[in-house]
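The next part holds the structures, each set out as C-alpha cells.
Next come two complexes, and both contain chain A; in the first it sits with chain B, in the second with chain C.
On to the complex of A and B.
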C-alpha cells in the first residue's frame, strides 16, 4: 500500500525534509554472492553503439532551421555593464536574434565573476553567432574584485551563516591529549571539464517547450525551467538520451538553457546554445578551493581526544558551501569535535558539486593530519585508524545500516605490508614510499524513483524510466537487475531512459545515489511483471506446475505484461554510508620534485555489487581523476586582475593515459542487509575521496616531507623537501 | 568545388574555406561519430585517419585534405578494436571513445602488438575525463580477441 511519509532526503551531504509517497519494498534480498546475472561482469548494453560513434549526444542533435546561440560574458571578475547596445550585432550577417540583460533568466548587467552571462545572439551558424558577439557594444564599469578567501571571511562576505558543529567539549579533549598536532591544509580550484561541454537545444512544439540538454537530472531541469519560466511542468519536455559526462557540474538548467529557450521563443526556431571549451573552463562550475586549519589531540596510545577544524570554502560568487568538515565529523570515534565552515563569497565563478564535493577536500586534510599524528606518536597509521574506528555513527547514536570498514582495513594489509619492500627500492635521488587514507561518504540513495517494465511474447523486456545515464553504466545495471528478477538473460532487456515525456520520475545522477535509488525500483517493476506471469501460468497450466517461460509468453502475441515499481523508504533510524581505504605507492625524485604514483589499491564497501566490471571502471575513473586533482590540475588566476589564466586543455593539465598507475580494486560485495531489496550503494564518488591523502601520506613515508597543499606540483614538493631538511637540521642542532 | 574522400565515398565539399575537417564531417556529411570537444587540437576527440595517419580534424582545414583518404569511426565500425573497447569496458560516457578507437587503430596498424610504453605514448593525445585509460590499455593489448 502507498504510504505517505515525512523523511530526510540527502544529496551529497545536503539534507532536506520532504513528504513522499512510497510503496513498501517487500521483496526479500537475494543472498550474497554472484547470481545468474547480478554480481557477474557485464559489458555495457549500449557500449557498441557508443564505441562506434552511433549514439546521439546533445552535441550531435540537429533540427531543421536550427539556429546557434553564443553568450557574451563579462571579461572582468567584477563589473557592471552600464550600457548594452545590441543593434550592430542584430544587423550582422546571419544574425536572427539578440537579447541583453534581463531578457532571459541569468542574463544580468551586474557581473560578480569573469564569465558571468550578460547578453546573447543567435545566428544561422555558430561562426556567425560568435562573430556577432564582438559587435555587441558594452560600456563597462570595472569594480574592485574580492579574490582572497580569508579576507572575505574577515569582511563578512559570506554565502550563508558559518556552519558550526560541536559534540563533547573540544577544549577538554585537548587538555586530555598527550600529543596535539595542528596543521593548515590548502586545496586548489579544479574544473570538471566533461568531454561534452554544457549545452541545450530548445524548441517550441505548440505550447510545449522541448529542452534537449546534457544533464545529470532530467527532472530537475524540468522543474526548474517550468518554475523559472512560469510554465506548467508538463509543458516542459526534457530529453537527454546520451550524455558526455558531468561529474556534478550538470545538475541544473544553466544560463545556456534559458538563452536557448528565450531565443527559440522569439525566433520560432530551434536554438542551440553550446559552451565552447574556453567557456567551459570559466563559466561551467568548479570544485572550490579550501583552506583547512585543523587540530587533533590524542593520547599516547592513539585514542583521539579532540578534533577541530576551521574550514574556509572559497565558493565564488554563488554556489554552495559544501561539507568540507564531513569527514572530520563522520570518519572516527572521537568524543570532542568542533568545526566551523565558512563559505567565502568571492568575485570568482560559482562552485558546483564535483564528485564527492567537500569530502575530497576534507579527507585530504583529515587523513594527512592523522598520519602526521601517527608519525608524532610513533604509531602505525593503519593501527591508528583501527583504534579510532567508529562502531556507531559518531555524530549521533544511530547504528549504521551496514559497515565493513574493518574488513576493508584487513584486506588492505597485504598492500600496506608492501611498504618495506617499496621503501627498500629507494635510491639516493628517487625515494619510494607507501601511504594510506580512509574514505567515508553517503551513497545510499533514497526515494522517490520509479520504473516501468514491459515483457513481450518473445520473453524480452524493456525497462522504461526517465533517468539519465551520464556514462556510469546505469542502464546496464538496470538491465541486469530486471533480467535477474525475470529469469532472462540481460541481453534480452532493453532500457529506455532520458525523456521526461516518456517515462516516470527518476532521481538525479549524483551523490552516488543513482543505482541505490533506481535499481530497487527496477527490481520491483520486474517482480510486479513476474507475479502477473506466475498468475498467467497458474491459469494456463495449473497451480505449482513447472512451465517454460517462452512457451507461456508466446501466447501473448502482440500484447504485453506491464509492471511498475518504485523505490521504497530507507531504513528508519539508521545511518547509511559507504566506506573504504586506499593504499598508494609513490616515487619522489628529490632533485626535480617530480612525484610518480606507481600503484593504488582501492578497497571499498558499497554493499552488493551489481556489475563488477562497471564498478571497476568507476573505481579506476575516480582514482585517475583523483590523481589529476592531487598532482597536476589547478585553475590559475592572475593575482592582480583575478583573470582566469587556464582556459584550455593545454594549460589545464588533466591526466593522460601515461599518468595512470597500476590500480588494484577490491570490493567487499556484501549486501547492506537493511537497505532496499538489493543492499546496493553507489560507487561513483567513494574512489576519488581518499586518493590525495593516500598519495600525500606516501610522499611523507618516502621522504619525511609534509605536503599540505594541492596540487603537489614540483614547486610544492621541493618546498616541502626543503622544509623537512630544515626541520631535521634544527632537530639535530637541538640534540 | 573540391571533393572529399571519406570512408571510400566521395563528397562535394560545399563549405567556405576555413571550414575544419571536423565541421565538414559533422555538419556537411552528417558523420557525427567524430566529436568536437575542445575545437583547438588539445583533446583528441576529433581524431580521424588521413591516409592512415591519426589527425586532429578540428584543426585540419577541410580543403587541405582533398585527394587524400579520410577514415572516420564510421569507416572503422567493424574493426576488431571496436569490440575490444566494448569487451574491456573502455567506454564510459563514450564522447571521447570514437577518437580513442581511431588512434588505437592507427597504433595497431603500425605495430600489431604494441608494448605498454608504446600504448601510453601513442595514446596520450586522447583525453578521457571519465578515466577509462586502464581499460583502454587493456583493450589495445587484447584487440585481436
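On to the complex of A and C.
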C-alpha cells in the first residue's frame, strides 16, 4: 500500500527533507549468516564477457551515419571569448555542424577555468572533428586567474557562505585539556580517470531524444536533459548498459551530452561526443585540494575534550563544498567541537564528487591528528580510538541503526599486534612500521528505487530495473537477492538494467547507496512473485502441502508471474552509517624517500554482505585507488599561468599492479537490524576513506616523521624525515 | 598521412622513420611531430643480440632477459616503461626519446621549442634536471641511454660510427637540439663492450612504469667505475665529480639526495 511520507534524504552528507511515496517493506530480515545464495561468494554474471571484451560499453556503440563531435575548450584558466567564428571550421573537410557559445547548454564565452567548453564541431570522423577545432577562430581576452585557496578565502571568493558547526564549548574544551595538538594538513587535487572517458551518443528517433551515455544516474540524466532542453521527460530515453567507471564524476549529463544532443538535432544524425584522455585530465572533474588546520585537546587518559577544524576546500570554478569536516563531527565522542569549512572559488576546473568526497580528505587530517595526539600522550593509537568511541551519534542525539566499530577494532587487533614484528625487521636504511585509521561514512541508501520481476514456466526469473551497474557488480547482487527469495539458483536470474524506457526508476549510484537502495526493492519484487506462486501452489496442491517449484511453474505455459517491489523508508529517528578500520604496514627507505606499502588489512562494517566476493573486490579497488591518492597521484599546475601540466597517464601517476600490497579483507557481515529487509549497506566508498591516514600513521610509526601533505612523494617523505631529524636534534640539545 | 615501408636502406624515402612507434605515435598525436609520410623502417634495422653487438631494432623486452647483455643494460630495460611498451619499443628508438618535460610536451614556447625562456625553471619542475639546467631544465628520460653511456658503448648509423655519449648534446641558444643525429640518419647497431660489474638503480614515483626521477647506471672495469645519471640533466649525465657540484632547482633538491644514496649503493654493488 503506497504511503506518502515526509523524510530526510541524504546523499554523501547533503541532507534534504523530501516528500516520498513508499510502499511498506514488511518482509522479515533473513537471519544473519550465509543463506543458500546470499552471503556466498559469487563471480559476476558478466565477468567472463567483460574479460573477453564482449560487453558493449557506451564507448563501443556505433550507429549508422553517426557523427563525431569535439569540444573547443578554453586554453586559459580565466578568459572571455570576445568573438567566436565558426565559418572556417564549418568549411573544413568532413565537418557537418558547428555550434558556439549559447548554442547548447554549458557552452559559454565566459571561461572560469582551463577546459571550460566554448564551442563544438561534429564531423564524419573524430580526427576531422578535432582537426576542425583548430579552425575555430576565437578572439580571447585573458583575465587574471585566482589560483590560491587561502587568497580566495581572504578575498571572500567563495562558493557559498562558510559552513559552521559547533557543539558544546570548544574553548572550554581546550581549557580542560592536558594536551593540545595543532597541525595543518594538506591534500592535493586528484583525478578520477575512469577507464571509459565521459561520453554520450545522442540521436532523435521521431520526437524521442535517445541518450546513450556513460553515467552513474540514468534517471538523473533523463530528468536534467529533459528539463534543460524543455522536453517532456518521457521523450528522453537514457541508456547505459555497461559502464567503464565513474567514481562520482558521472552523476550528471555534462556538456558532452548537451553538445551531442544539439548537434544531433541540427544534423538529424546520431552524434557521439567522447572526451579524450587529455580532456579527462583537464575538464572531467576532480577531488579538490584541501587545507585543514586542526586542533585536538585531550585529557592525559586520552579522553577528547575539544576538536576544532578550519577547512578550506579548493573547489574550483564551481562544484560543491564537500563535507571535509564530516569525520571530525561524526567519528568520535567529543563534547566540544567547532568547525568552519570554506569553499574557495578558483579559476580551476570544478570539483566533482569523488569516492567519499570530503571524507577521504578529512579522515587523512583527523586520523593523523589522532596519532600525533597518541604519540604525545604516550598512548596506543588503537586504545585512544577505543576510549573515544561514540556509542550514540555525536552529531545529534540519535541512536545508530547499527554500529560495530568496536568489533572492527577487536578484529584489527591481530593485524595491529604485528607491529612489533614488523618494526623489528627495520634496517639502517629501511624503516618499517604499522599504522591504523578508522572510518565513518554514510551508505544506507534510501527510497525511492523500484524493481520488477517476471517468473516464467521454466522457473527462470528476470529482474528489470532502470538502475545502472557502474562496474561494481550490482547486477550480480540483484540476481542473488532475487534467487534467494524465490528459492532458485542465481544463475537462473537474468537482470536487465540501464534503460530508462525499459524499467522503473532507480537511484543514482553514488554515496555507496546502490545496493542498500535497490537490493531491498528487488527482494520485495521477488517476494511479491513468491506470494503469487504460493497462492498458485495452494490452489494446485492444497494448503500447506510441500510442492516442487519447477513442476508448479511448468503449468504456466506462456503465463508469467509478475512482481513489483520498492525500497521502503529508512528507520525514523536513527542515523545510518558505515564504519571500518584499516591497518597498514609500510617500509620507508630513509635515504631515497621511497615508501612501499606491504600490507593493508581492512575490516569494515557495512551490514549484511550479499556477495562477499563482490564486497572484497570493492575493498581492494578502494584501497588501490587510495594508495594512488596517498603516494603518487597529483594534478600539477604551472604556478604562473595556472595551466594544467599533468594531462596524460604517464604524467599523472596512478598506481600500477606493482604498487598493490597484500590486501586482507574482513567484513563484519551482521545485518543492520533497523535497515530494510536486508540490513545491507554500501561498500563502494568506505574502503578508500582510511587508506591515506593509515599509511601516513605507519610512516610515522616507522620513522618518527610527520607526513602532513599528500601525496607522500619522495620529496615530501625526505622533507618530513629531515624535519624529524631536526626536531630530534633540537630535543636532544634542549635536554 | 601515408605509411610507407622501405625495402632497403638505400631506398629509404623522405619521411619520418617509424620503428616501434611507442614515442613517435604519441608525439604525432600531440602535434609535436609533423609528418605527411611515415616510413616503417622496422624491417631494415638489424635486430637481435650477438655477443657485444645489439641490433638497433632489438626490443627492450628481448634485451632485459638476454644473458649476453651486461647487467646494467638488462636492468635499465627491465625498469623502463611497461611490458607492453617494452615489447614494442626498440633500443635505437629509446635512445632518441624526447624529454618528458610537461612544458615541452604541452607545447609551451620553451627553449627546446625555440622560445626564449625555460618555463620549468621558475615553474613546476619536480621532475626536472639537477645538472646543466641553466638554459633548459628538462631531464633526459632514457634509462637505456644512461646504461649505454656508462658502458662506453658505440653505435653505427647509416652515416658514421660514434660513441653513444656523442649522440647527445646540450641544447644551446644557437642549436636547440639534444642529439647530433642528422635528418634521415638512422641508428643501425650498437657495440656494447663487456664490464667486470655493472648495475642500474632507479627511483620512480611508483614501482613501475614511470620515468626516472633519478636513474643511476654504474659500470666497473678493473679499478675504474663510471657512473651516469638518467633524469638528472637534459642529456644522460656522466658523473665526473661529486654531487655537490649539482645545481638543483628549488623543487629538485630532493633529487640530489636520492642520487647521492643511489650512487653510493650502485658503487657498492659493483665494487670488486
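The rule is simple: the second predicted complex is superposed on the first by the 735 of 735 C-alpha atoms of A that agree within 3 Å, B and C clash if a C-alpha of one lies under 4 Å from a C-alpha of the other, contacts with A are read in each partner's own complex, and residues count from 1 in each chain.
Following the convention adopted for this analysis, a contact is a pair of C-beta atoms (placed from the backbone, for glycine too) under 8 Å apart; a residue touches a chain by one contact, two chains touch by 3 or more.
All values derive from a computational prediction rather than experimental measurement.
The wider contact with chain A, measured as residues touched, comes from B rather than the other of chain B and chain C.
By the touch criterion stated above, A:623 is placed in contact with chain B alone, chain C being left untouched.
In the superposition on chain A, A:632 makes contact with chain C only, not with chain B. Of the two partner chains, neither chain B nor chain C is touched by A:505.
In the superposition on chain A, A:76 makes contact with neither chain B nor chain C.
With both structures placed on the common chain, the touch criterion links A:658 to chain B and to chain C. With both structures placed on the common chain, the touch criterion links A:59 to chain B but leaves chain C unconnected.
Of the two partner chains placed by superposition, only chain B is touched by A:243; chain C is not.
By the document's definition of touching, both partners, chain B and chain C, reach A:650.
When the two structures are aligned on the shared chain, A:591 is found in touch with chain C, with no touch to chain B.
Taken together, the two complexes place residues 648, 650, 654-656, 658 of chain A in contact with chain B and also with chain C.
Contact residues of chain B toward chain A in the complex are 26-27, 32-40, 42-43, 45, 72-74, 77, 82-83, 85-87, 89-98, 101, 119-121, 123-137. Those residues of chain A lying in contact with chain C across their complex are 429, 589, 591-594, 596, 631-632, 636-640, 643, 645-648, 650-651, 653-656, 658-659, 713-715, 718-719.
Interface residues of chain C facing chain A in the complex, by the touch rule stated above, are 82, 100, 102-103, 105-106, 108, 119, 122-124, 126, 203, 205-211, 213, 251, 253-254, 257-258, 260-262. Listed in rising order, the residues of chain A touching chain B in the complex are 43-44, 46-48, 50-57, 59-60, 62, 192-197, 242-245, 247, 276-277, 470-473, 613-614, 616-617, 620-625, 648-650, 654-658, 660, 663.
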